[in-house]
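Inspection log for the structure reproduced underneath, given as structure tokens.
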């Protein structure tokens, strides 16, 4: 009886100690590695379209499962699928992903105040003081920071327009 | 191993040819000018051409009106003399029906040529300058790929090309443009082939013609007879023999490596119509302004081949081929296997337009798709050795990884599988969709990486700016303290020392 | 000038279509079965016809009901795939089996074997064979009562109705029941195999011409290997089926039986007995070639056919059942998805492993 109790106690203490030791020595920092991995995939522009103050809190929320993995509009479907792969979620279960938006500047209203391009996290707006600004579509993530910054209300977000280069056949609607 | 026999072309289909009527009538050449030309800027593979004319400007026939930029593109010329009335978005000859930028030209009726430059004997000229000439003339592959020819020629000069194949395997049903061109203008085509040979310095020229065009074969043999190292080779008639990959296989027994180009085999392929266009440009100094187009189909009263200027409305061609006998089921640009439906008859013909077909219900034979019964006829029909039924099954549920596993990236969209499918499943539509989605995903991934880099760059710049600001502030402070210390209080001195 | 003038909606290419349809294919297969079925009626009389009609009708009705229950249009039965399933099942039943064998089997084939999997094109197992095997293990006596080919008019129509639908015992409807039932060739073979007297059996009792032309007891319409073969060859000539599965299946059975017969002729029947008996012809040309449940690639089809032949030989030689076509096909059906995944055709421009070809033969750049 006594031997058994002793053996079990020693065993428990040793293994517990080993676990504690391993947790200390092999710790990966306080961050969840999944969060880091997902954050690296995200746009990093801290645009806040997801409703979080930046990409890292969004990545944490995705890993926790408190938010849908389609929450990042600039990342689009491609990002959602990658995240699904990392998290081991069925790719088919991803619903509709919001179409990416692009900002455009109403040229007649723009006063060239430069506030929008100072606000742009991806330097997608070009222009100079007192000159009309323009958006480079290729660099615009549709974050909307410029819309907030514009004092003239002359910037609006649109779904990227279809043209002959990005149009493709839709899925056939058959059995 | 039988399965590894490379020279045997696998798959393919034999659709009804419907070529007899148009193949026996000569090319209609004197088409009256339409009242308006619409010249879209996307007539070539790659980027749109840049317009170099202004609205209101008068242009002469053959004058350059749009030029290619740095990337893949091609020049565009005025098909007749007249006035540029607009540069605007017009409905494009494209299945999407979306508008695209086009130059609108109103002809003055004079059909006045631009003063031609003196043309030297092209065989005496330097090959490099000849490919420049081809580029200036705005020539693109007229077989359907509309790839800028000059770029192909330059690649041909960079690689060691042994064989030039002139593709006369017009395998699409209804179309007889290449057939008629070979019958009527064989000498010019052969000269064009010799010019390409001169430019790329290849060893031999093989003109591959499907064996259902015996008269074209004879005409080309006669024209090629005086020249050594040019021979005409009959290849079996089947669809898609006109595809460059299948033509190479039929003529040489070699296969273009997946993801590679024919250059990798030392082979260059040009269509007969392209060879003709190159001859016209180099021998006569004429840019590419027109092409032969087959106007046919069960709803066309008088089907015929027509030499049409680019920008001519489709309606104009139909009117001069006897008009339509009934409302067509489908109106198609190109052949029935790979052509695209037109949004209207007001759209113009372009460099890539090989045919205008007005098909009736019987010819189209559309039926409601039913479930796949896995009969594997599509597998037998696929000239690329793919499994269309599996590709469609996975494309349908957006599983593009598995669709690619069964060959999505090797698919040439020839339509043989859809053609034979007893369940009438729109297989090509699934593949177009899957390929489009994959492309879009790749683009959005690229954009994401780009914007990530931009954000990172901006962040470092901001930090640096902030750092500089801090440094400047500190320096300023230092300067102030130093000047203060000059005034000589001990306390200040101590503070500066810290 | 009007600008929009087409009657059909926008579609992707191609804009023309071969004159094929599912119902056309199914009807052709049914037509190919007509000679053998007709011979079955001729050999086994009215009961065979009544059983066949019941089975086919039940199959079609079950299909329609299943489609209705799923909220699909019952007009889909017009693709005649259900008729074909019922027909094939009927051909493999004992010719004088009671009506509920045919009806129950057909209902099982369609409802469980096909519609539960999602309808046409989605089933893993050949529905007709699934039903036949289910019947065989559930009702072994009814499924192994074989009738001698007695001719068209024994018994007459009314007695046949009683026999099939009311299950009146044979003795009550017929004046004499002597020599009505008998064993199939494969059934007898099973007995003589265990006794080790295959050699004397094939020399004395087995008649090649009777087996080939169909003057033997057996399933409703499998007995005449000649007529089944003729139908199969007709389908081959129409390119509705390809030669790969039948040739591989018959070939592997022939090779196996040849090798074993020459090794031990007392226990193993010769190739001719194997190729002219039981359901091998029907199996090779009509059952194993079922599109839905066989592989799509030619290599896969060859392996599939060869596997079927091997299993048929194994069951006939060493198994508990005299005949094994149904089991063999079902077993290979289960392997079909695997064969489809790993036996893909070689892609143009790629080698057999899927890597792009001849990268080494690349000619160098000149400049």
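Letters A, B and C mark the chains as written, and numbering starts fresh at 1 in each.
Note that a contact is a pair of C-beta atoms (placed from the backbone, for glycine too) under 8 Å apart; a residue touches a chain by one contact, two chains touch by 3 or more.
Because the structure is predicted, anything quoted here is derived from the model rather than measured.
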item	value
Touch-based graph of the chains, sorted into line, ring, star, complete or other	line
Of all other chains, the one whose Cα centre sits farthest from chain B	C
Per-chain Cα centre nearest the global Cα centre, belonging to chain	B
Of B-C and A-B, whichever chain pair has more C-beta contact pairs	B-C
Centre distance in Å when chain A and chain C are each reduced to the mean of their C-alpha atoms	57
Intercentroid distance (Cα basis), chain C paired with chain B, Å	49
Mean-CA-position distance for chain B and chain A (Å)	37
Residue list for chain C, restricted to those that touch at least two other chains	12
Residues of chain B engaged with two or more neighbouring chains	95, 370-371, 426, 429, 432
For chain A, residues that touch 2 or more chains besides their own	169, 172
Contact set on chain C toward chain B in their complex	1-8, 10-22, 24-25, 76, 79, 81, 119-122, 242, 291-292, 294-299, 340, 344-350, 352, 356-359, 361-367
Of all residues in chain B, those that touch chain A in their complex	42, 92, 94-96, 98, 100, 368-371, 395-399, 425-426, 429-430, 432-433, 435-437, 439-441, 443-445, 447-448, 450-452, 454-458
Contacting residues of chain B [partner chain C, same complex]	3-4, 10, 13, 15, 95, 97, 157-160, 162, 173, 245, 249, 254-260, 264-266, 315, 324, 327-332, 336-341, 343-346, 357, 359, 361, 363-367, 370-377, 379-380, 382-387, 389-390, 406-407, 410, 413, 415, 418-424, 426, 428-429, 432
Interface residues, chain A side, partner chain B - complex	41, 43-46, 74-79, 81, 91-92, 100, 121-124, 138-139, 141, 162-164, 166-172, 174-175
